[in-house]
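These are the structures, in structure tokens.
Both complexes shown next keep subunit A, but they swap its partner, so subunit B is in the first and subunit C is in the second.
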Partner chain A sequence: MINEIIGTILICAGIAFDFFGVLGLVRLPDVYNRLQAATKCVTFGTAGILLGVLIIQGFNAFGIKCIIGIIFIFLTSPVGAHAISRAAHRAGIKLTGESIVDIYAEDKELKESSTK
Partner chain B sequence: MKIIRWVTGVIIVALFMYFNFFIMELTTLIKLINVLLFSILFVLIRVIIGRTAADRLVAVDILGVLTIGILALLGLFYNESFFMDIGLIWALLSFIATLSFAKILEGRSLDD
Partner chain C sequence: MKIKTRSRLVVFILSAFVWFALTNMKNWQEVFVGLLLSLLVSLIAGQFLITTEKTKHLFLRILAFAKYFLRFIWEMIKANFHVAYIVLHPDLPIKPGIVKVKTKLTKDSAKTILCNSITLTPGTMTVDINPDKNEIYIHWIDIVTKDYYNIDENTATISAKFEKLLTEVFE
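Coming up: the complex of A and B.
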């Protein structure tokens, strides 16, 4: 009984994180802002849903599959986000006009000037 | 113009939440799955209108992660564990697709 209550609370928190992350994906002005909001929030939300299902089900086949899913999401989602942001910056997509610093572009200029 | 957009968005979200949680007579799990499906509608809006290729790539990546959550809740509803197998395979294929599309977007070929 206590398992179902804790699991349902975790599932509701995860769904709230998912919804706000997707809201940020629609609302924010830039590729990089959208990537930050969407990846962090949605990863944590889906991991919360899987943790709630694990607590409700216990350690049977379903629970073990949920543990494997949590580990896999936490390993692969930052790698995908990093690859997308690096590719977008190298493909020449501009930052939004309100942003104040771009460390990666300064770094590339410094490296080019040092090699010449 | 900005106020009109804000008011339209708030009215759409509030109408959906009101009809989902107070009007429809459904089980609690089905109501929660409905919220995730509504989120997927927003992701599809970003896929359709999204200005550059990187926006669409981010949206498709997020769509894969949301689908794992829906499949886990469906497995809890039907009390079957094979839905999570589909979720794991979906996560694997989504990860590989994201990496390869990012490489193509960067301008390199796949065997680089």
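Coming up: the complex of A and C.
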């Protein structure tokens, strides 16, 4: 009984954070800011949902799959965000107009001008 | 035991564990195929997991990792509330930009973990790494340092808390 209550609370919190992540995906200006919201909130929210399922189910075949899911989400989600943002920057997508500094682009120009 | 053999053994145990967790081990055929596949994986890709001899005792490193993990979970909860605050605020209070930090970690695995933790902690996301100079480029959604070209200040704000803990785990 108490397991089900804790698990349901965790699942609800996870869904709430997933919702914030999706809201950020719609509201924030450029691809980098959107990735920030998407990776942080969606990783944590989905991990919360899986943890809730684990607590409701207990350590049976179902629950152990949840643990594996949590581990792989934590390992792969930041790597995916890193790959997408790097590819976006290489493809020449500019940061939004509100941005104040882009040292990455400056360093790249410096490198290109020194090799020419 | 040689390092390569030990690395292969660790990979074998890990992949067998993942297989047994995913299947439900009702009959011997599943167990047999699982062991066979783990052996194959450990023979092909096993030597890349552990490449250097560690000086510290395993128990101390596990303790350090637990300390790092608790800190990481706390930072992650903070990060989520930070994003929720930004997203729900009507004016979207952001000040984004890409800054540069330095790292003293030398091993690839340690750097990977550091970059992943930076991505999942408040307001920061790793964009690229310069392996020659050990510099990480970080997209920061709300820059708080005054002089954003100052690498030391950025390092102290963003990555110093994890770097110290990870040094204990990996070096």
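Heads up, the rule we're going with is that the second predicted complex is superposed on the first by the 112 of 116 C-alpha atoms of A that agree within 3 Å, B and C clash if a C-alpha of one lies under 4 Å from a C-alpha of the other, contacts with A are read in each partner's own complex, and residues count from 1 in each chain.
In the analysis below, a contact is a pair of C-beta atoms (placed from the backbone, for glycine too) under 8 Å apart; a residue touches a chain by one contact, two chains touch by 3 or more.
These numbers were taken from a predicted model, which means no experiment stands behind them.
Asks: Could you check whether subunit B and subunit C clash or fit when both are placed on subunit A?
Replies: When both complexes are placed onto subunit A, subunit B and subunit C end up side by side without any clash.
Asks: Contacts for A:12 in the overlay, against subunit B (first) and subunit C (second): which applies, first, second, both or neither?
Replies: first
Asks: With both complexes superposed on chain A, which partner does A:65 reach: first (subunit B), second (subunit C), both or neither?
Replies: In the superposition, A:65 contacts both subunit B and subunit C.
Asks: Could you say whether A:73 touches subunit B, subunit C, both of them, or neither, answering first, second, both or neither?
Replies: first
Asks: Classify the contacts of A:56 with the two partner chains as first (subunit B alone), second (subunit C alone), both, or neither.
Replies: In the superposition, A:56 touches subunit B alone.
Asks: Could you say whether A:35 touches subunit B, subunit C, both of them, or neither, answering first, second, both or neither?
Replies: After superposition on chain A, A:35 lies in contact with both partners, subunit B and subunit C.
Asks: Regarding the shared-chain residue A:46, is it in contact with subunit B (first), subunit C (second), both, or neither?
Replies: first
Asks: Between subunit B and subunit C, what minimal C-alpha to C-alpha distance in angstrom results from the superposition?
Replies: 7
Asks: Is there a shared patch on subunit A that both subunit B and subunit C touch, and which residues make it up?
Replies: Touching subunit B in the first complex and subunit C in the second, residues 21, 23, 35, 39, 43, 45, 61, 65, 68, 77, 79, 81, 86 of subunit A appear in both lists.
Asks: What part of subunit A is in contact with subunit B in the complex they form?
Replies: 8, 11-12, 14-15, 18-19, 21-23, 25-26, 31, 34-35, 38-39, 42-43, 45-46, 49-50, 53, 56-57, 60-62, 65-66, 68-69, 72-73, 76-77, 79-81, 83-84, 86-88, 90-91, 93
Asks: Note which residues of subunit C are touching subunit A in the complex, please.
Replies: 18, 21-22, 24, 76-77, 79-80, 83-84, 86-88, 92, 94-100, 115-116, 119-120, 123, 125-128, 137, 139, 141, 143, 148-149
Asks: Residue numbers of subunit B touching subunit A in their complex, please.
Replies: Spelled out, the residues of subunit B in touch with subunit A are 28, 32, 35-36, 38-39, 42-43, 45-46, 52-55, 57-59, 61-62, 65-66, 68-69, 72-73, 75-76, 81, 84-85, 87-88, 91-92, 95, 98-99, 102-103, 105-107.
Asks: Using the touch rule from the top, collect the residues of subunit A that touch subunit C in their complex.
Replies: 17, 20-21, 23-24, 27-30, 32-33, 35-37, 39-41, 43-45, 61, 64-65, 67-68, 74-75, 77-79, 81-82, 85-86, 89, 95-96, 98-105, 107
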